[in-house]
Structures are given as C-alpha cells and as structure tokens.
Amino acid sequence: MADIKLSGIKKSYGKAEVLHGIDIDIKDGEFVVFVGPSGCGKSTLLRLIAGLETITDGKLEIAGETVNDMTPSQRKIAMVFQSYALYPHMTVYKNMAFGLTLGKKGLFGGGENKKLIDEKVRKAAKSLKLEDYLHRYPRELSGGQRQRVAIGRAIVRDPNVFLFDEPLSNLDAALRVNTRLEIAKLHQDLEATIIYVTHDQVEAMTLADKIVVVNGGHVAQCGSPLELYHHPANKFVAGFIGSPSMNFLEGTVTAVHAGSLDVLLDYDNSTASIPVHPDEAKLGDKVTIGIRPEHMKEGNDQDFKLSAKVNVVERLGEASYLYLENGENDPLCVKTDGHSTTKAGDKVELCADFSAVHVFNAEGNALARTTSDEKYIAPKLSA
Amino acid sequence: MADIKLSGIKKSYGKAEVLHGIDIDIKDGEFVVFVGPSGCGKSTLLRLIAGLETITDGKLEIAGETVNDMTPSQRKIAMVFQSYALYPHMTVYKNMAFGLTLGKKGLFGGGENKKLIDEKVRKAAKSLKLEDYLHRYPRELSGGQRQRVAIGRAIVRDPNVFLFDEPLSNLDAALRVNTRLEIAKLHQDLEATIIYVTHDQVEAMTLADKIVVVNGGHVAQCGSPLELYHHPANKFVAGFIGSPSMNFLEGTVTAVHAGSLDVLLDYDNSTASIPVHPDEAKLGDKVTIGIRPEHMKEGNDQDFKLSAKVNVVERLGEASYLYLENGENDPLCVKTDGHSTTKAGDKVELCADFSAVHVFNAEGNALARTTSDEKYIAPKLSA
Amino acid sequence: MKLSKRVGPLGVHAVLMCYTLIALFPIYLVIMNSFKSKKGIFRDPLAFPTGTTFDLVGFEKVIARSSFDIYFTNSISVTVISLVFVLLLGAMAAWALAEYDFPGSNMMALYLAIGIMIPIRLGSVSLLKMIVGMGLVNTLTALVLVYTAQGLPLAIFILREFIAQIPNDLKEAARCDGVSEYRIFWSIILPLIRPALATVAVFTMIPIWNDLWFPLILAPSQETATVTLGIQQFIGQYVTDWNAVLASLTLAIVPILILYVIFSRQLIRGLTSGAVK
Amino acid sequence: DELVIESWRTDDLEIWESQIIPAFNKSHPDIKVRFAPSPPTEYNANMNAKLTAGTAGDLITCKPFDASLDLYNKGHLTKVDDLPGMENFSSVAKSAWQTDDGSTTFCLPMASVIHGFIYNKEAFKELGLEIPKTIPEFMATLEKIKEDGTYIPMSMGTADQWEAATMGFQNVGPNFWAGEKGRKGLIDGTEKLTDPQYVKVYEHLAEWGPYLGKGYKGQSYPDSQNLFSLGRAAIYPAGSWDISTFNGQADFEFGAFPPPVPAGQETCYISDHTDIGLGINAASKNVEAAETFLSWMASAEAGSIFSNALPGFYALSKHELTISDPVAQEFVSWRGKCESSIRNSYQILSRGTPNLENDLWNTSVGVINGTMTAEEAAKKAQDGLASWYKPQQ
Amino acid sequence: MALKNQRGSFFRTHVLVFLLPAALIYTLFMIIPLIDTVRYSFYDETAEGITSFVGWDNYVLILTDERWWTDFRNALENNFIFFIIHMFVQNPIGLLLAALLSLPRLKMANSYRTLIFMPTMLSVVIIGFIWKLILSPLWGVGDTLVGFVGMTDGLPALLGEESTALITLSFISVWQFVGIPMMLIYAALLNVPDDLVDAAIVDGANQWTAFWRIKLPLILPTIAMVSVLTFVANFNAFDLIYAVKGALAGPNFETDIMGTMFYRTFFGYQLQPGSATLGATVASLMFLVILCGVMLYLFVIQRRLQRYQL
C-alpha cells in the first residue's frame, strides 16, 4: 500500500542542482537505507519525500498517487530527525500527542478525541518503554530516551512511511548498538515502509533490505547489502561499503585470454591472471584491482599473491590489522586474526581467492567476473 | 626526561569530588591512553596535567619536578583539543605561530625572532603536509586538515608532553583511520610522551603503549591493551574493552574443585566447570561468567557449551552477528563469519574455549584462571 | 489552511511592504519636500518635486546660515571617539566579568548593569558641576566622557553574554601556549566578538548622535555644537520657514541613515549569533 | 576676548549680526560681540544650568520679573544701577528687573512688546470690512469673514498653549480689568480672578473657538504665523514682534488694530509688556566690555537701531523713537491713545506653585477648546493662586 | 566562567586592568551624579541657593500635597497608559513583523528589516518635528491621507485634543521604536532550530500553528525581556513629549509623564523657577517606580519562565 516511486527527481537550490535525476522504487514494507558521503544529497532526498522541500523536477508517487504537491501530513509520512527535534517546552506525553491534536477542525482544539489520543500515546510509550517518562521534559532525558521519544512521536501518527535522518548519530557507541536493534525490531513489528539515512556502514549493512548508495546527487548503486558488499558496481561503492575500506592496486592489462585478463600490478610488478570477462577490457588498459582487507590472509595457498613489508600493526585483540608499505599512497590494509605474531618491519606473503578480487576499468566500473561465486550469495534475511 | 608521576591526585568542584585519588606513572616517551565512560573524569585529569585546573590534593611531577603550581606554559606541555580550538580569525600559519610570537620580553612584540618562528612553522607544516594550506583560514579546511593544524600548533612549541583530548571524535570514519595512523607515526618520530583521551575502543587498543581505564573518578585498571583485553581485572574493564561488548551470564557456584569451579548458569540451567582458582570463591556464591562475542563459535567442539535461539542476525559481509534470546536482559551476541547461513529463529549450538571464559565474583573482580593462556600474550608492538 | 498556503507568500509580502511604507513614508515626505519650493510644499505636499516646484533654497539657506561642516565634524568626532571607548572599555570589562571568577564579580556585574535602567540625565546638575570643576566645559571631551559612561552598562551587558559563548577551548589553548591574558583579549576575544561589537555600536551610536541634552548644557558653544544641537537651534530660528526646516531635517537624517545601512549587515549577524539576552 | 550674548530670540540672529553688532562696532571696533541664542523652550533650563556651571555668556538676556530675580538672588547677575545710561530709563521700565523693594536693578531694560491684532488689508478690502472698535463689532467682523468662507476668520492655535494665553487672554484682557488697576488689585488681594471682569475675559475667549481655523487645537504657533502669512487668514491676534516675521514672509499688505473694547467703554487699555532686558553675568571675565556694551545699548542711537531693525520691539529708554515701519509705528502709536499695562501674571504672582502664568495658559486653552466654562477656568486659576499666595487667601 | 588558576596577585592585576577603566568612568560620570541627585532630594534650597537638610519633607510634599500629588498621579497614570500602549501595540507589531521576517526562505527579508528599523535611528527631536508637520492642520498631509481611505472631514487635531493627544504621541513613539522589539524577537526566532518547525510541519501543523505552538512558547523569555526593556524605556521617556508638546505637556497636562514632570520641576518652565531639590525628589521617585518594575520582572516573571535549551 505504501510503495514509493521516485522518477527522475531533481532538486535545485537557486542555480545549484543538488540532485540530478533520482529513480528509486521502494516496495511496501521495505527497509531502505540511503548512504553516501557527506553532502551527497541524502537529507535533501529525504526531505523531498517528506514534503519539506519542493521537488524541482520529476515525479514522486506514494501508494500509486502523485504527491508532489501534497503537504507532509497529507502524505501520511512521519519523520525522525537527527537532532530529534523534540519540542523542548512540552513533556514527553505532549510531544507525542502534538501531531494528533492538530486536526482539521480548529486552531487549538479539535483533532482526534482526547481519549483516543491518550490511548495511542500510551500504547506507543509502552512499546518503547517510555511509560515512566511521560511527564518529563526532553531535557530530563538521556540521549537514548530522547531518541525513543522521537520514534514514539512518529509511531502514534500511524504513518504509511517512516523517514529517519541519521537517527543514531548523536548516541554513544553502546547505545547505538541497542537502538539499532530496536529499530530493526520496530520494522518487524510495524511492517511499515522505512527510509533511513545514515553514513554509518554498520547500520546500513545490518538494517537494510535495500541500500541506495548516493554519490554527488546520483544513485551510485542500489541493492541488498550483500550484493553491494560482494558485487560493487563501481569503485566508489566498492570503497564506500566495508570497513576498513577495500584496498586498491593500480595495474595495466598485459594480456587478454578467454575468460581472464593478465594484469601487471604497479605495486610489485607482479602479474596476476584474473578471471573476468575479457571483452570488457583491451590490452594496455589501466585497470584497478580491489581486494578487501578481510579477504587477504597471510600465506600463499590461494591464487592471488602479494608480498609486502609491514609498516604498522594494530592489535585489537580479536583481530589485528597489518598496514603495508605503499609508497606515497594510502597503506594497504590486511586483517589477520588476533593471534598473529607479525611485527612491524616484517616481510609477509599474502594471498587471496580470485573470487574476492574485483577489477575496475579506468572509468571505475566493475568488470564482470567469470568465476562462480555463489558462496557469497547468502540467503537474504527474512526479517 | 618527561616522566610524569601522579600521586593521589584529587579534584573537587565545589563540594563534588570528581577524582578520588589517582596514581599513575608515565614513562618518558610512552603513549598513554585514558579511556572510560562519559563523565568519568578523563578530561578533568588531562586538564589537571595541563595546568588548566588547579589540583585539589595530591602531587603532580613532570620530569621529577613538582609542577602543581606552575602555569601551563611553564610545564612545557602542549594540548590538542577535541574541538581543535583553532583561532577562527587567523590563518593556519598564524594559528601555528601564535604561541611562539610571544617570549618573555614584552606584551605584544618581542619573543623569538621572526625567522626562527617561520622556520619552525614551515617545518611542522611540512611534516604534516600542510604547506599548501598555510594561508587558509580554519573554516576553509576539512576536518582532517583542521586536526593536523591543531597538532601542528602543538608541535611547533616543541613540548615535552603532548596532551590529546578526544582529537578524532569530530572526524568521519574513513578520516579517523588515517589520522589514527598519522598520530601513531608522529609518536614514533617525535619520541615525546603522549597522553591521549578517547572513548573509542579501537583508538585506545591500537595507539596505546598503556591504557588507563578510568571509572567514576578511580583508575579501574592500567596496563597494555592486550593485557586489558585478555585479563580484565574486573567486570567493568571486561565490559568496557572490546566491541561488541563481552557477554555476561549470571550463575551460582555449585561445587568447588581443586583448580576449577562448577557454575550453574541461570541462562539455560546448564552447569559448566571452569578452570579458575577455587579458593577465591565458595559454594553458593553468585558469580558472573563473561565471554566475548568473537570467542564463541557455532558448534560444540569446545569445552564451554551453550544452546540458544537466534533473535536477530546482522550481516556485515565479512562477519555476521547473531543476537540470542536472553529474556529481559540485553541479548547475547555471537560473532560468526560472513558466510554463516544461520537465520533469525534458528536454534544454534555454541561453544567456547575455557581459556576465553572469564569469571567475576559478586564484587565484579575477576578470579584468576588456572589454565595457561600464554597464547594470548602476544608480543608487544615495538612501535 | 489551504487558502493560507496559496495566499501565504503574497500576503506576507503585502503585510511587510505595508509596514515598510508606514515606517518610511514620513521620512520620505520630509526628504522629498525639502527639495521643493515653498509653494510646492504647501500646495501639494505629496507630489514629487517637478520642474516648477524643484527648489534648493532651503539647503542654500541652511548651508549659508549655519556651520554644518563644523557640526558634522563635531558630531562625528564625538560619536566615533565615544564609540571606541565604549566598545574597548566595555569589552575589557565584559571579558573580566565573564572570564574571571573573582570575589564580588556578580555584585560588580549588577552594579554595572544599574546604569541600563536609569537615564544619566537625572544626574545632570551634579554632572555639570563636576565637568566645570574639571575645566572641561565647552569641550568635546566632556561629551565623550559622559557618553562613554552612558554607553558602558548596556555594552558590558551585551558583550558579556557574547564572550561567555566563546568556546573555553580557545582561551585555554592560548593559555597552554603561554599567551598572556592581555594578548588573549586583544588577539582572540576582540576579533571574535566583532559582530557583537557592531550590534553594540549601533545601539550606542543612536543615542549619542541624536542627543540634544548634553551638547546643550555641557558644550553649547558654536565651536562644539553637534548636528542635533545645530539643527535644533536652526529649527528654532526658522520655525516658520519650512524650506529651511525641511532641509535641515534632511541634512540631519541622511548621514545617520547612511551610517546605519553600513552597520546593518553586521547588526543582524551580531544579534543572531547569540541573542541579546 | 569675544563678548557672548545669551538670548532666547533665535529669530533675531540675523538682525543682530547684520545690523546691531556692526553698529556697535563702529564706535567700539575693538570689542568683538557674538549673539548666541538658544531655543526659547529650553532657555530657562539652559541658562540655569549654564550659569550654575559657569559656562554662560557674558551678557544674559533677561526675562522679566521672577526668572531673572531668581538669577540675581543666586548671584548670577550683577547690579547695573550705576551703569552709565541707566538714567535714561523710567522706573516703570526698570520695574521688571528690580528687586521687590525696587532698590536694585539688575538688567538693562531693552524692549517691550505690544499686543493687538494684525489683519490682512487686502482681505478686509475684498470683503468690505471695517476695522472693529468694540467687541461686538469684532465678533460681527469675524462672523462676516466666516460666512464668506474665503478666509479663515482668525489664525490662532491652542496646541502650544501659551499662544492662547498671551495672544488671547493678555491681549484683550486689560480692557476688561482696567489695565494696571486690575493687575495691582490681584497683587494686593483686592481683586480675585473669579471677579466678573476676569470671568468676562474667559467668556470672550470662549467665543473665539468657532472662528479659528479647522484643527486649531493641533495648530502650533508657527502654524498660526504661516496660516496668516500665506494669506489664508484674515485676522491674527498678535504680539508686535510678529511684525518682522510677516514683513519677511507675507506678500500682501497688512495692518494692525488695538484690542477692541467692551461695548460702551471709553478708555482703552493695551498690554505694553516689558519683555526683554539685558544683564551682566556675574561670572563674566569681560565685565568691562560688557558694561561698555550695555551703556551703548542704553543710548539713543542703539534704541533707534534696535527698534527699527526689529520692528515690533520698542526700546524702553526715554529717548524719542522714530520708527519707519508703518505697522510697528501703528502699534507704538497706541501708547498715546490707551493706557499701558503689563501682563498681569508676571510680577510676583508666578512665584509659587502652581504659578499663575501656567494656569492662565491652561485655562485659556480650556475655554477656547470648550473643555472648561469661563467660571471653571476662573475658579481654577483663582484656586491655584490662592493655594500659595497669602494676599489672595 | 571560572578563574582557572588562582595564582594570587598575578591574576588579580589583570582583572583590575580590564575592569578598572570602565568601572571608573562609569562610577565617576554616572553613579556619583545619580547618587548626588538622590542626596539632593533630602535637601531644601532657598532663593539664595543655600541648602539645608530636610529629611523626607520633599517626599511628603510631593506625595501628600494635593496639587503635587494630583500632578504626580496624573503623570504616573499617563505614563502607565503610555506603557500599556507600547506593550500591547508596539510589542505585538514587533512580534508579528519578526515572525513574518523569520519565515523560511522569505525573499528580501534583509531589506525589510533594514528599512523598518530606520525610524529607530532618528533623533526624537526630528521624529517629533516630522509628525508635528504631518499632523499639522496647516499642511494637510494627514487630511489628504485619510481622504484616500474615505474620511472626508479630514483628520481631527490629534495632538491638540485632550482625548487623543497622549494616545497619538504613544503611537508616534510606537512607530519609531517598533524596530527594537522586532530585532530582538527576530534574533530569538532565528535561534529556534529549523528542525523543530519541520517536525511540527511533518506532524501536520501549518506555519501558523507551528508559530503559535512551537516558536512562540520557546521565545517567551525574550518577550518577557522585551517587555521589561519597554517598561524601563517608557518610564524614562521624555524627549518625544517634550519635543512635541513642550514641558507643560498640554493640553491640560494630558500628555504629562514622569519625564516631563521631572524636567518641569527640576529646570522650571517659562515663569516657573526650577527646584533642584524637588526635581531630585521626582527623579528619585521615578527611579523607585522603575526599580519596582524591574524587580517584578526579575523575581516573579523571569523565575517562572524557563529558558529552554534549544
């Protein structure tokens, strides 16, 4: 009932175009996360959907109806702001009831009847464990509690679509994990469509049914979390998804075989033969090879091999990061297990499975691989 | 030359005592990190060392000299603030030179001679790759660049001790990793004593020679990162170090053997026999068992076993977190590899090595283990 | 509600435009009529000066009959020097009160704030005796001293709020660097409160430039007369000569409005970066 | 050093600078004189402040009676009895600037002003009007002008208050209370303001209201002047000082007539008010030059220059005055036909609070505007006076 | 905030250096003359200028003597009317203008703001004169203007009638000073985070409800402060009435307020000699009234109003 369809959405502030034509389909009940670097237009997109900004061009449909000209409340959406935007002069109860008291009937009265409102507020408060705080003011609450009030305010309005703009970024690490779980549960319970903006990797990966990576006002890629992790469509998405970031190595195509390419790596002048569709590249092309830190390991028992000098070792207990000498460029990073005895200054041999090696052409687009990598297509979370 | 010794340092604001007697020894050239929850007194401690607050009681020595009554500049320390505290109306160059233009000679002029200052500033700028930005204003810099200017301002003064107060908390994730590496390198190059406050796990673990865990104005534990990771002295440190946090299970001692205790777990009413020094507990004692998420795995091939229902699965690509049903309490968390096919709702068998199981008594103090766990005592990073 | 959404922006502009007209009309009327002949002024006060009614006789008379150049010099010197003192001394005191927690600092702040409530005019007679005793009568110095005293309370009050908002870290960073308190004030605090200083400047400038009272009793001599005093005397002289009256009003209005337009950008910046509490 | 003259006569600045001072400098080229007027409304306050502070000029223009007496009592003015030239003034002329016992004079009497009515000759001709001699004639004239509608019958406003009292009450009043007799009677307590002769003045004033211009309640003194000088009003209740203003601004011929007498009364009375004196600031550093100037002011030459330069101000010295301005000449000619008196509230009676002068302002405005009856007005003024003035209690 | 290092004399010296110049000038040229004025109110001055201590006599005179008290009460009442009109006309208009100016994305907001503030910049002497001209029946501008809106009998003598003079003057003052509440309230409104209004809009409010129910409650402390500033300014007012109506504040003292009464008493007017001592008494009473208002604000109103952390 609450599918959302964005077709060719553009937004300009004055002369500056911020969004350059966005097309996204969101299915009813889906949890969609927008990620992207700061300033790429995530919040703008969200505010367009909310109706807080006017759409410059394109069409926005909710539940099959074009809503470009509707007010936020007519769209039946609710929004949770990064700053929570709780009304500081109202108690938690009033904060949650505010939207309900604004009916069409009058300025100060009207709206839904009091008892009904009270019921709704108390129900939402109960489900968010806020019952004991209903008469407190926002300033008397902790960050996590404020967050829950903001969500509560959205829930009582029983909207078709929830919009969240970086709702966790003001919370500390521990609280963040908990609230993240709560939001996941909320989605499960409410079965509402949720659109969620974040710049946090982990949140995006863990919460989303579908991630939309936005870059500079364009959609860079759109798909399930694991799709993006394992099959980034381009270098931007590859570098953006995953932490620590994917390592990139520059190279040149030295031979084109059926089913693979030979690439001469600038890094150590070694040549690797990588199984990608060869017709997408030709001899002499500059390509970039990408491997995630967690897909490399010490040893030489896999197809893709590299040897390097370790500059820094960071030990986190459960795992250690090796940072490899890489001249002027950012160091390469390898994730090994916490018991590794490698020290700074050691020379190490590293290897990776071909199925974990990505190749990007000069424009940054990924070349299709020829190996089967079904083992990465993990079952989609049903929740 | 710049050892720092805190003996019985106390600090009160009005009647409220914030620090209750802190003793820490810091050796010349050591990289010490203060961690602890918000409000525990980390910043206060740092400001006491800087001389920005007066010490209520106790003795602070730097390089063997009691400095309780010295001004910040007399102590030869430099501080980098969380907010960077760059002077917004001065260029990068002036920001770095500001502290130098002033010697003892006069109010507005005098001080070190211009050429010398210029040399120092340029040298510092070069080492921080800030040469191209010397004539910009702070507002024209990115977060990471601002951070480097703040460090540069500290470096030019050539202090004995650097103090950092959460210097990375304003940076985004990618920049954070890079700047962290830079600070590590800085420490290597300058060989200065560094005291560093953070609430970020990873920073603390990766940067520190020594971590001081502060809790409520007391030192909870003090030691190398891996020492804290593997041998937390108490439940607080155990829960604070490591992310996601250690899982805690309540239990009761049902039998005391030579070299081990039998503990009946409230979780699933199973009994585990855990190798700790038995004389530290007696029959009927309430104890808490702690296991880190990354030390549990699916299967039953290790000594400590547990079976549970999976509530939520979070897939991050390289790894997945399973959150287990745990009644009213926070769910237990297990970290499995990224290819795990376990789904929410599944029943799973979990196990862990005894050497990774911690036991805490009712006061929260860790009981000494009897198993040898040398494999965890990894070589200390020399860098 | 739907209606208001449609009509919204237009209605808002209509209201604002309407009030702007009300605010400006009288000023416009005076300035416009000052360029007309006497007949023009009386026959059709609302008409714009035309070929037949355009006449600069008012200005000619004013400029010939009174020393406007001296008045302007005096007014500008008094206003600017008083402003500098109010801003500098006010900022210094505000900094001391905001930053240092010395015994009696709150009492001191309260003491300095009393002046906001009482017009200094109530103390005119003793003030006059004092100025006489100091031999400062008929000097611009006397005016500067009085205006400085009069401007300080509000300046301190506003600036203190602003200074309190400057992040502690900035001052402490400087202290760590061994910078003296004087230099922290001069090189860091003063540049950072510039918008606030502009606000205070506007609020201080208005009463100084427009004051009639103290020029009249402290420095009434021809050499020390200010614009407002000059205008007032001139109006008294030519009260029936509307050309001259309107011309002198125009001469008094225009410079202050120009000054204001220069400051106005800063003014709102100052006001909005931390409200005047 | 420059000799500075303080004055409230801002209107006269030009004449002082172009005529009086140059004339003085012909005989005394070494004494520089500057005329420094301040606005009339602030004059008292200003002088008080400046004299207290010692910043006042060398010569102080004196208001008549108490204001100046007060300055003398406080030691701000010097005695001028022995000044050469004082012998040229009658004791009546000096009385406005003497101590109550008449023993000491502290200002040189400079000029008096005479009240009457100025009228627009062209308008009178156009409407075929005669100069009214009695009050009924006066009212009939007003009525005719009103009926015709071309002109506003009379130009006076009540916004500035003093205009109603000075141009109205004090202008026509002496004819009712018999000039000096009535004035003295109030001072020694034999007459009261509630007596019929005073109530009648108020009653007469109350009749003026309908003949004043539309919005006269908001009309200020300059407005009244403008209204007449623009030729829009036919009659203007005047002080003789208005002549110079109208000379400069009116482009029609105007004349003057004395205040009309009540029907059947033979003797006419005019207000020939001693208005301006000139005294020496006791703190002056140029006493000698100041005295020289004052003596010169007492001379026949100065009197004639002064009276002619400022038509409408009549020098008070005993010298024969030849005045060239016809209207001013008309005014001064009444001295021969009528009995002179001064404004009745000025001597002694405005010494206390509430002072009579201010009460007269108020009550005159009240009756003209119709917010008070003549009886109420008289009672209010009398009560005010009686509240502090012994002989009236 | 806090003196971070209490290192004895070193720190005290510079506190002194910072504080002393301002404190000195202020004390010398403001406080001492004012105290002197209060002191004066306990003395009596004879014609010869000799002063003698008379205790509370002057106060007793003003507060009990029938004429003085009538005058004083009249001035006080008029002053309250003057204040009430400002409070309920000037401040609401200021609020309205500020609310409109702070609407998001309003074009030309800066120009409006600058222009509307202009009258505030001008001397009251000038303002008074301008309005006298405009309302002058002679010039007829007022008549022409009301003619446009259909009032053909022209404007009554607003400044001359007893019933309208004070109100007219109050409105002139409102016209001049409306810029000040506008600016202060505008600044406060800009400090209300946009997010709050956005949240209300998403909740279904329109700009109007969002203003009444979100913004207005949040700026109440500023409005209270504006009110007390208005009070102080109104009870200090003098110039406008003096410039337009003179110190006698006619007609029939209908526009007399504390300031003009003080002036009349202190410096005298026309034939009435001034009395420094009685003037000082009136000044001290004025001070007392103002003080009461400010205390009311500080101890009753401000305490009740929460300044919300935005």
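All chains are identified by letter, namely A, B, C, D and E, in their written order; residue positions are counted from 1 within each chain.
Rule of thumb we're sticking to: a contact is a pair of C-beta atoms (placed from the backbone, for glycine too) under 8 Å apart; a residue touches a chain by one contact, two chains touch by 3 or more.
Here's who's who by UniProt: A, B = ABC transporter; C = sn-glycerol-3-phosphate transport system permease protein UgpE; E = ABC transporter permease.
This structure is a prediction, so every number in the text was calculated from the model and none was measured.
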Return the chain whose centre of C-alpha atoms lies at maximal distance from the corresponding centre of chain A (ABC transporter).
D
Chain pair that, of all pairs, has the most C-beta pairs in contact:
C-E
Approximately how many whole Å separate the CA-defined centres of chain A (ABC transporter) and chain B (ABC transporter)?
28
With chain centres defined as C-alpha means, what is the inter-centre distance between chain A (ABC transporter) and chain C in Å?
55
Centroid from C-alpha atoms only, then distance chain D to chain E (ABC transporter permease), rounded to Å. What do you get?
38
Please set out, as single numbers or ranges, the residues of chain D touching at least two other chains.
41, 49, 226
Which positions in chain A (ABC transporter) are in touch with at least two other chains?
71
Chain C, residues touching no fewer than two other chains:
1, 5, 42, 124-125, 172, 175, 180, 182, 232, 235, 242
Taking the touch rule as given, give the residues of chain B (ABC transporter) at its contact with chain C in the complex, in rising order.
47, 50-52, 71-74, 77-79, 81-85, 87-89, 98-100, 102, 107-108, 153, 157
Along chain D, where are the residues that touch chain E (ABC transporter permease) in the complex?
41, 44-45, 48-49, 63, 65-67, 70, 73-75, 157-162, 213-220, 223, 226-227, 345-346, 350-351, 353-355, 357-358, 361-362, 365-366, 369, 371, 384, 387
Going by the contact rule set out above, which residues of chain D touch chain C in the complex?
10-11, 13-14, 34, 36-42, 46, 49-50, 52-55, 221-222, 225-226, 229-230, 245, 249
Residues of chain E (ABC transporter permease) touching chain A (ABC transporter) in the complex
193, 195-196, 198-206, 208-209, 212-214, 217-218, 306, 308-310
Residues on chain A (ABC transporter) engaged by chain B (ABC transporter) in the complex (per definition of touch)
38, 172-174, 177-178, 181, 184-185, 199-202, 205-206, 225-226, 229-230, 241-245, 292, 294-295, 312-319, 321, 323, 330-331, 335, 338-341, 343-344, 375-376, 378-379, 381-383
